[in-house]
């Protein structure tokens, strides 16, 4: 996935002089995960550069660039370090277009790695997508494969609205997939039906897709047919795909790493109710993180959602 | 409500030397809404004082005070200005106790006015409760009456966990109620059944309680019996009260000012499903703000939830 | 120019020594002849007229608000010299990234009073400043605008444009982390931005002494390696000189500048504020003696070039402003669509659905009548 | 003492003039005799031993990590003089609000290597530093800790305690808004806090030149009205003097102090970092010449008081550290309850429910086997 994103950035940098990339360590170093590796060399220090260590200013200055003709792409080093920039994101990035009644668009991408399962220190394992998705004016997207990462990143850069692009660091290098070198885009706001099924709908995104796929193998061995949806876009959320699937299966399980309360899981259950109430045969269920800090490495096993946990919930739902 | 909160602060300041109050304009001026009026005069500038204009430091220094024996109460001037402090709240206030394995408690209250309907400029009409409620380690509470405000504030100050205390500014002075001068507390985490009913459960909080009550009058005129729950605590959320009510009525409507996606409404629908799935007779429904910035005064009429809108949804639910 | 390529005033008025740039005194007498900007009489008189216009517009706004015809408003009274001096140095191509207390500069950039009134009347269309080129909407979240200005500066430099960015903040705003971060980035990036601190002595009720322990606010520039200067903000000529020098410096590619304009908010913080709660009448009166309009008028009179019928002009201005206000007041159309329209460049399904739901409610309501 | 009650070194080494406090040179020769702190030979030798211990513990930690026996670790190599000098000036009652690169000071406050290893082994019980009085856990969100320190300072002052707060940040951290806000509050509140910037030249890969345009980092104190001083951070005696003076200043009620300790991170940023990506070997070698241990050892030798069998001591230390590591490594118990237990003082129903659900899953899993 790292390569796919790097390739997407490369394609767009090459295509559009107004694109600049910056953030902590993205220049010389190419990012702590090497997502921007080689880009400074190729496009120069004015277009790909290291910023001082201040997330609010990284985002705040990017807004200034975006309203004055550039299309900045900024990296925040980890999800846990997006919060110093939270005010700029919520108060200005998300709102400038509305505030200026369309006079100033905000074509910018804020990208950062997120999620657990990498034995990290605190603030390096969180999944804050719900916090961003609740902010009106943002698009919030999360790829689950290298292919999607590339197509969605190019779409995000080409979007005239600000996009929060969250990268599941756990699968940065875990999923091998041939991705075309050509330019292509995927529409933001559209979920993907990863696999069709009839008994239960599983909705997930990011690193959880792979875990769900493992669970589905177990389910199939037990004669359960699962429809797997990769949400891809947290906001706007693809109601239609959820609706169609839940109306078909009558059951829904949401798998996500974040704290379950006030989460994407909550939202999806609300949507299932609003869109498919009469079709529901079992209560939609969240298989998500606790309302606790993500534990450090030794305790993370309890927090991380394993395929058998997902299978357990699938089975419970089907036998409700 | 302003008076009731002032009285709660007064009682606690008088009782406990370790309590200090600060924030922008809370000292000499007594706060832009006069919630801390007279307290500096009574308790001195070392205990009630104006801080420089920097929300992150207001909260960050309060954390330092809290871990070293004080019990700070800080005011952030409006909900829209809580976000510069978001990182301190999420990364430290909410986590210090867990991070230090209980060595350092964080007994502090962060209070601020929130909500719309006051013809204000931007950033002065928002309802960000879901953002705080999604953060593990915080308690998030909202009173809807002067009586509750007093009892909840005293409980919040006495809590050994950090409390986000959100004050519905629209009803700061709108609801007249005799409140005892004595000290009393209300347990945080408990909802209140404002009125019992059998056809539909309406869950609301803050300034929306009053609007719901008006809607209920309309419903009653139409022969609909409504159970009204004042959530009071957003986190922890009172599942039990929701469950009991929804199991009884089979219907739920959530009324809240915030953007509906990824909101308290979503969470309550998830809870209704998890706790009362087999009892549901109509899809639980959110009557909430749009996923848009709260419009300025001229457009706010479209955004604000009116009693007839609530009644309309009550009727729809009952006739589902 | 000095050794470091720094314009002389930045050396002569080094904020570390807490010096303040002044050209005329309270009586309008020149006290620093060699610093007097070369302005012809007409321009000086025009400056006075602009300041007068701002003052009248401001008074009018306060009175409309008192009449209940407008919502909360932030008065500019006493800070006009800063705004007009900036306005006279800001070009059409230059950028203005405002805070919420620089009406005269907004006007100079082509913002209309009508739009301002519409904004304070609760309509975003006023706040978009659509008629004004390179002006951002008012920033309410204090400090954030400084970062936007730095970013625009980068963009100007990157695109090799001859544009300067002007931005403003209050004394209170200097305590926000965003202020420091913005100046730090500006220092590293060497962007063409003129940062102004309007030190009007108060952040709502909090005096600047309770805001920071630094000797003055201009000195904060030292922390970020950019030149800073403290200027008498009620002295039009000093402000003019500061802005002329600062914007030339910025245009020449040498980087950003921090200007502290020492002034006093003679009015209330906003129309909901009551300054008697936190400051003494004597203090207000003392500062009243430094009133920028009076000072400039005295200067003009002492030069024998005063040719204005101020009473008549005042009436004219009042009428013009009234017209714009009425225009704004009559513009009360706020279609439902305006709530949804501008959130995204293409409206997502979620918003369409929410809007449609509301329309269903409206038609139910209509039917019930 | 000078006029302003400022200790002389703060005047003599005014950061505005970019001066740096030094006592010995790279060869261990005294270059500023009058500044040499009055320390008896034993104390000086102890200081060396502490620095040696830190260095060995640090090397050990890096090697455990390389062996896959520990997760990410942040090396201290080259910065020991700062840590030990601070450690020798911090008292039991004083507070330590650490960043993530001051191992020697943590040890001085009573934190055990075992706990540190446990922490880097992925267990919060290590990070709580439960055996150490008045030490906060490591702050990872950069800049936030400075605000905590200021708050503790207020609390100390409010409760009229004789306690000083020591806190640390890196050169990169000075760009965060929280840094500036914290110093600004400290200036206004005049709190007893000794703020240290460990300027080790890099923030991961970003050199300090790309971090700020200010002449040095100590000068940032000017923006907040607190005294600042730049010190040779690899000169134990200079650091000792700086901390002694700063903590006395703070204790005397005169307020906070900012110390910039100029040093160099000889190792990697963390064990996942590869410095060859962004810096030259020659640069590392040049800085290697200023190695604080070598300098102090040369001084001690030149004074003819060297009495250490360094090889033997090294072996001893290694063994001690190994023992602590093994202790930590064996402590792999992490009950499920630890995830939930410490979030609130009384566990809310929501957490009980979530825990119970997981336990149900576990028993299902057990049964399936």
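Annotations
Here the chain labels run A, B, C and D in written order, and each chain numbers its own residues starting at 1.
Just so we're on the same page, a contact is a pair of C-beta atoms (placed from the backbone, for glycine too) under 8 Å apart; a residue touches a chain by one contact, two chains touch by 3 or more.
Since the model is a prediction, treat every value here as computed from it, not as a measurement.
Touching chain A and chain B together: C, D. Centroid distances built from C-alpha atoms place D farthest away from chain C. Chain A and chain C, compared by their mean Cα positions, are separated by 40 Å. Centre-to-centre separation between chain A and chain D, using Cα means, comes to 36 Å.
Each of the following residues of chain A touches two or more other chains: 52, 54, 56-57, 80, 83-84, 87, 91, 98-99, 122-123, 136-137, 235, 237, 261, 290-293. Of all residues in chain D, those that touch two or more other chains are 124, 127, 140-141, 175-178, 181, 184, 188, 210-212, 343, 350-351. Viewed as a network of touching protein chains, the structure reduces to a complete graph with every chain in contact with every other. Those residues of chain D that touch chain B in the complex are listed here as 95, 97, 124-125, 127-130, 136-137, 139-141, 144, 146-156, 158-159, 177-178, 181-182, 184-185, 188, 341-345, 348-351, 353.
Chain contact summary for the complex, chain A toward chain C: residues 20, 46, 51-52, 54, 56-57, 59-70, 72, 87-88, 91-92, 96-105, 136-137, 139, 159-161, 189, 235-237, 239-240. Chain contact summary for the complex, chain D toward chain C: residues 16, 175-181, 184, 187-188, 190, 210-215, 219-220, 222-226.
In the complex of the two chains, the chain D residues touching chain A come out as 71-72, 119, 121-124, 127, 140-143, 172-173, 175-178, 203-206, 210-212, 272-273, 277-278, 332, 334, 336, 338-340, 343, 350-351, 354-355, 358, 361, 364-365. Looking at the complex, you find that chain B touches chain A at residues 80, 83-84, 86-87, 90-91, 95, 98-99, 122-123, 130-131, 133-134, 136-137, 235, 237, 258-259, 261-267, 269-270, 273-274, 277, 280, 282-286, 290-293.
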